[in-house]
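Both complexes shown next keep subunit A, but they swap its partner, so subunit B is in the first and subunit C is in the second.
Coming up: the complex of A and B.
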């Protein structure tokens, strides 16, 4: 009986453990799944003819002759549309349309929507903003634009008890009897021939500059900015952190008051909210020390370095302390000085653990937003050179994920960019972790022999 | 009274000073005590170690034999709260004197530990560690010479000469311990301290280490701490028996194991306690 109870207890405990791990993986899947699914949409999607036109005109990419041919085919249908619009405009101007007042304002709206879908009419003046120069580049967005052409947005006030309700009325019904009536079935029927969707793998999303605040193009400036910030952070944090850890683990006297105080400081530093680091970075590095005139990658890196320092110190200290004492004894007994023993024997043996700490903090530095708001990040900017990063701010993935959602003028238009950024950041951090696992495995294998 | 008997007034002890007179003394201690914080681990030990001989230190656990051994190359410095009193003289100089640099001392007094502790590096780098640290030998061929000589001295060369670039931890326990001996020899020390070098090894590996000690005798002054009395009887020329921090008896190995003067020694070697 007793043995049976013990077995049941053992089983239920391992079952519980398995269940919790399962739950954890499932929740990870639930979180990452949509990010991956929607993020991939920034890379793999159906691009319209406008996408290829953009690629050719902005990035000089693609085959000119093919594009020319495509344009011609699309133009056949487009010219029909323009003809119909022109005809109706003419009729409106000449007062040939009954109820012209009913149409005049909506017709302007309709023309705007057509322009949004197809880009400027041939013969128009070159628009100033990039967003007016091209139609919808993505098939999913083009379909939304089609919907806005086919349906009229209006407000329904029929229910006196509630406020107005937004409703959509088919324009075909609205324009019944007018010459424009045939336009809507025509566009709907020939939509694919007009926009010519084709599946593309737009890997350049991470290598292209963005145009017109992310409405076109990629996120290269953000990726590069994040890369610089992580690099700079590690440049400051690794030497400081590892040296501090060596001091704490090997040279400090454990029972001294100063050292316990230092440990308290380090723990406190780890608990400080990240926005406070941001403010500190602004107040100290930029306003007091003046490492740069205003926000810069340099100042941001220093701030982030402070943020990740406790993580690195702790991981490195634990790793150093976990190295068998016998290594140190052996090194000292062979006539090595203490620092020599640390550098040649203990530090290499602790490397796997130190690397883990470093990579965790790299992921943290890549993802932190608050510390760089005041010290390094801008919403729109060009990719910096290494030298420029000393005194210029940069866009960065973490900050722009937030910024594009909250501050962008037309959020709906750039959803795919937001998801693409999140996806890239998550992928970046996952890749960093993977690299750490591989390096760790290699180093420990070398150590174990 | 027998002139070769010296009696410590506080403890019943016997030191065979007569046979020591014939020997060249390499290290000696006078009233040497070691404290861990307030506990006295070694009490006023007077011990002379003859040069180029094997001296075994035996005694029950916690008698201070390892502590005494580790004082000889000042490894006790690593233990916080550990300090010493009295004299411990090596080559005419007090080991704990103010002018002594423990780093330089350890180059002359090598040590082999209880558990084989090769570095997680290649076999070559393990042996070359000492020469690299101590001398400014950067020349690869010169280092190779030292590595080969040390491994030959430790009777390991034939077994592993083709595997010098493999990780030292891939060797067997006995090979690892001989590697540690070779590593200590590579620094060319005068004294070799061995702190229970075979306690973690199987009997076959143990006998190989004992053979090796037999080969190294005469070239180095060897001090070996051991739990194993048969081992002490087999490998050593002189034996010191420690009990609860006191040196009880020091004599020729043959004499100590056959005709011990002090009753405590007899009780210990006959297995009545310990």
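Coming up: the complex of A and C.
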């Protein structure tokens, strides 16, 4: 081959390297992009007047007088809507509408949609379910609700080959000639005045209890559950992991059979699939040892502790081994016993490195789902007190993301909650990892100079 | 002389007082050892307890049906426990995700260790760590809520574009190599124009071929976004960090001398990497790939959420656009219902599956450990 060809090949090889690094980084941003973009939407969004009503009535937040004023303004426009609906209902009942059969079922649907947007009519009795007590609290959802009012959903069977398509016909066209025709342009025109959207920063999303299976409120129970699980896991995993690392790094003879056997087992433990940990936790901690009668935070923490143990051991061992030998020698030459040298000199010097491992495994414990399915997680639950966590299951961020996205009764309606939850979890894990990166950078700076 | 005596004395003193000390030291060390062996005990207990609950299944139903039948109707009457389709699903997803992850990961590892400047490396490493740190349920959520609808709506186009993105740079390089070679063979004296001509002809042929592939792919309709392909792509991304970091370590371990020797012989960087460094780091890279495979096999949440959970072998079996089901997802999904009937075959079959997963992870762990050791021995670390 010519020299030039070889050079070009060399260049293109580097190019492929850059390209794959680009793809790798891109995949991270492709995954995180939508999670961040839509997850922030759970915290910062345009809240309608219904949101402020909810905030006042359910959480006792906000100014009563301002709310009253706003309600009055909105009510002026709303009453027009109700008037039109009532008029049409009246006409329907008295048979004043030509081919009333065509309208009667859709009119019921229309009223349902209006109710979904605005909440119950003033003067109605209080609905039993909380979700029926308020209209759309979010401006984006309200706009979707408006679309469902303006357009009628039907099926198009005109193409005999296919199964039929969902199509949307404007209701204004459907109701042409009827008295209700003017309702649709009216709502569309005054929509902002009816719903009164305003930008809010709803940081209480992570501090509010959820109401009516996550349709309203926040995710406090899940955040707290995750916190307990991480706390419990670390309570078990840190002492065991650090002690094991101290033994492996300082006390064991490096090439003995026992130590290499231990290392094989540690890497085996690291390779056990997470769902198997879950089954083991169920079969051992709950069914055999009976740390609790059924699922509990305690059992889940123990299971998770086993899962993160190898991570902590490896990180701590590496950190201990990175401490210069001279430290140990100096301590021993001053007459300190081995254990004293480890505890007072080597361990403090290795602490930042150990901390890095701990922080990373905290993120791991917070995010793992499979091990807690059978040992700790529950779909619906109240925030627990610390004492209750010994023998009661808890909702947790990771499990409830799965649960809300696959098993909730109205998955589409609470998309923002799901995204908010994923965002919270990912942000938590990222912050923990960021902390680890910062600690490590400081350590390497210290070691260098 | 006196000095020696005092020295002896002091040694004697230390011996006398140290009996208690030695005992406490021994106790201390053995208790440390005990705590260290928690990992070992945990592994043994995991095997014991999973096997203990898996054995009743063998007694109740035997192994033949489990391994060779594709009929999975655990709640039917009579129930059937053929897990072949589920095992196939696990293997399919693992194979596909490895296929996606390995080339990307190895090229990334190579450029991290040898090509990229230090400052860029400092940025890329945290990115890789973050890819590893994102919880699996978040990946599953992404796969189900974001990726699946896109795949269903325009999956064919997406794949076509993917093929173009990967194919065009590759075709440029291939065309150049082949053009150079062909020109050398066809003409006695190659001039620049010969090579350029060959290059243009070959490249246009390849672009034509790529366009053909693109148009075939873009006509594929995908009936469901939750399928084997979706899961494999996401699992591939999740396996990347493991493979990249382990193989990068082994590439680094090869050391400067070998590289410098190769450069001194006149090899380019690409030649050095492909012919010297990568072969030298082979065992480490294989270990890395095995670890990536293990990650993909053991992953639960992504496959549970986004694989469609249909216990079937796709028709034909290479069809990656059909929903499948894996061992992990079956354990996670069926335990909720089987929990009420502890002791039935339906409960124990899930432990049987876990045992299968465990065996697989043990064997691959041993193999990867073997390769890691070999590469460590080779480079004397």
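Convention: the second predicted complex is superposed on the first by the 402 of 449 C-alpha atoms of A that agree within 3 Å, B and C clash if a C-alpha of one lies under 4 Å from a C-alpha of the other, contacts with A are read in each partner's own complex, and residues count from 1 in each chain.
Operating definition for what follows: a contact is a pair of C-beta atoms (placed from the backbone, for glycine too) under 8 Å apart; a residue touches a chain by one contact, two chains touch by 3 or more.
Because the structure is a prediction, the values reported are computed rather than measured.
Peer 1: Using the touch definition from the top, say if A:330 reaches subunit B (first), subunit C (second), both or neither.
Peer 2: Touch partner of A:330: subunit B, not subunit C.
Peer 1: Please work out whether A:26 is in contact with subunit B alone, subunit C alone, both, or neither, and reply first, second, both or neither.
Peer 2: In the superposition, A:26 contacts neither subunit B nor subunit C.
Peer 1: Determine, under the contact definition given at the top, whether A:345 touches first (subunit B), second (subunit C), both, or neither.
Peer 2: Only subunit B; A:345 stays clear of subunit C.
Peer 1: Any idea whether subunit B or subunit C touches more of subunit A?
Peer 2: After superposing on chain A, more of subunit A is contacted by C.
Peer 1: Regarding the shared-chain residue A:129, is it in contact with subunit B (first), subunit C (second), both, or neither?
Peer 2: The answer is neither, since A:129 touches no partner chain.
Peer 1: Between subunit B (first) and subunit C (second), which does A:244 come into contact with in this model arrangement: first, second, both, or neither?
Peer 2: The answer is second: A:244 touches subunit C but not subunit B.
Peer 1: Quick one: classify A:398 as touching subunit B (first), subunit C (second), both or neither.
Peer 2: The second partner, subunit C, only.
Peer 1: Please write out, lowest number first, the residues of subunit A touched by both subunit B and subunit C across the two complexes.
Peer 2: After superposing on chain A, subunit A residues 337 contact both subunit B and subunit C.
Peer 1: Which of the residues in subunit A come into contact with subunit C in the complex?
Peer 2: Per the touch definition, subunit A meets subunit C at residues 1-2, 5-10, 12-21, 23-25, 27-28, 31-32, 34-35, 239-240, 243-244, 246-248, 251-252, 258, 261-262, 264-269, 271-280, 282-284, 287-288, 306, 309-310, 313, 337-339, 360, 363-364, 366-370, 373-374, 398-399, 401-402, 405-406, 415, 418-419, 422, 425-426, 429-430, 432-433, 437.
Peer 1: Hey, which residues of subunit A end up touching subunit B in the complex?
Peer 2: 253-255, 324, 326-337, 340, 344-345, 348-349, 446-449
Peer 1: Give every residue of subunit C touching subunit A within the complex, in rising order.
Peer 2: 21, 25, 28-29, 32-33, 35-40, 42-43, 45-46, 49-50, 52-53, 103-105, 107-108, 110-112, 115-116, 120, 124, 126-131, 133-142, 144-146, 169-170, 172-173, 176-177, 180-181, 237, 240, 244, 268-271, 273-274, 291, 294, 297-301, 304-305, 328, 331-332, 335, 339, 342, 350-351, 354, 357-358, 361-362, 364-366, 369
Peer 1: Mind listing the subunit B positions that touch subunit A in their complex?
Peer 2: These residues of subunit B touch subunit A: 73, 75, 78, 80, 103-104, 106-107, 110-111, 113, 115, 117-121, 129-130, 133-134, 166-170, 180, 183-184, 187.
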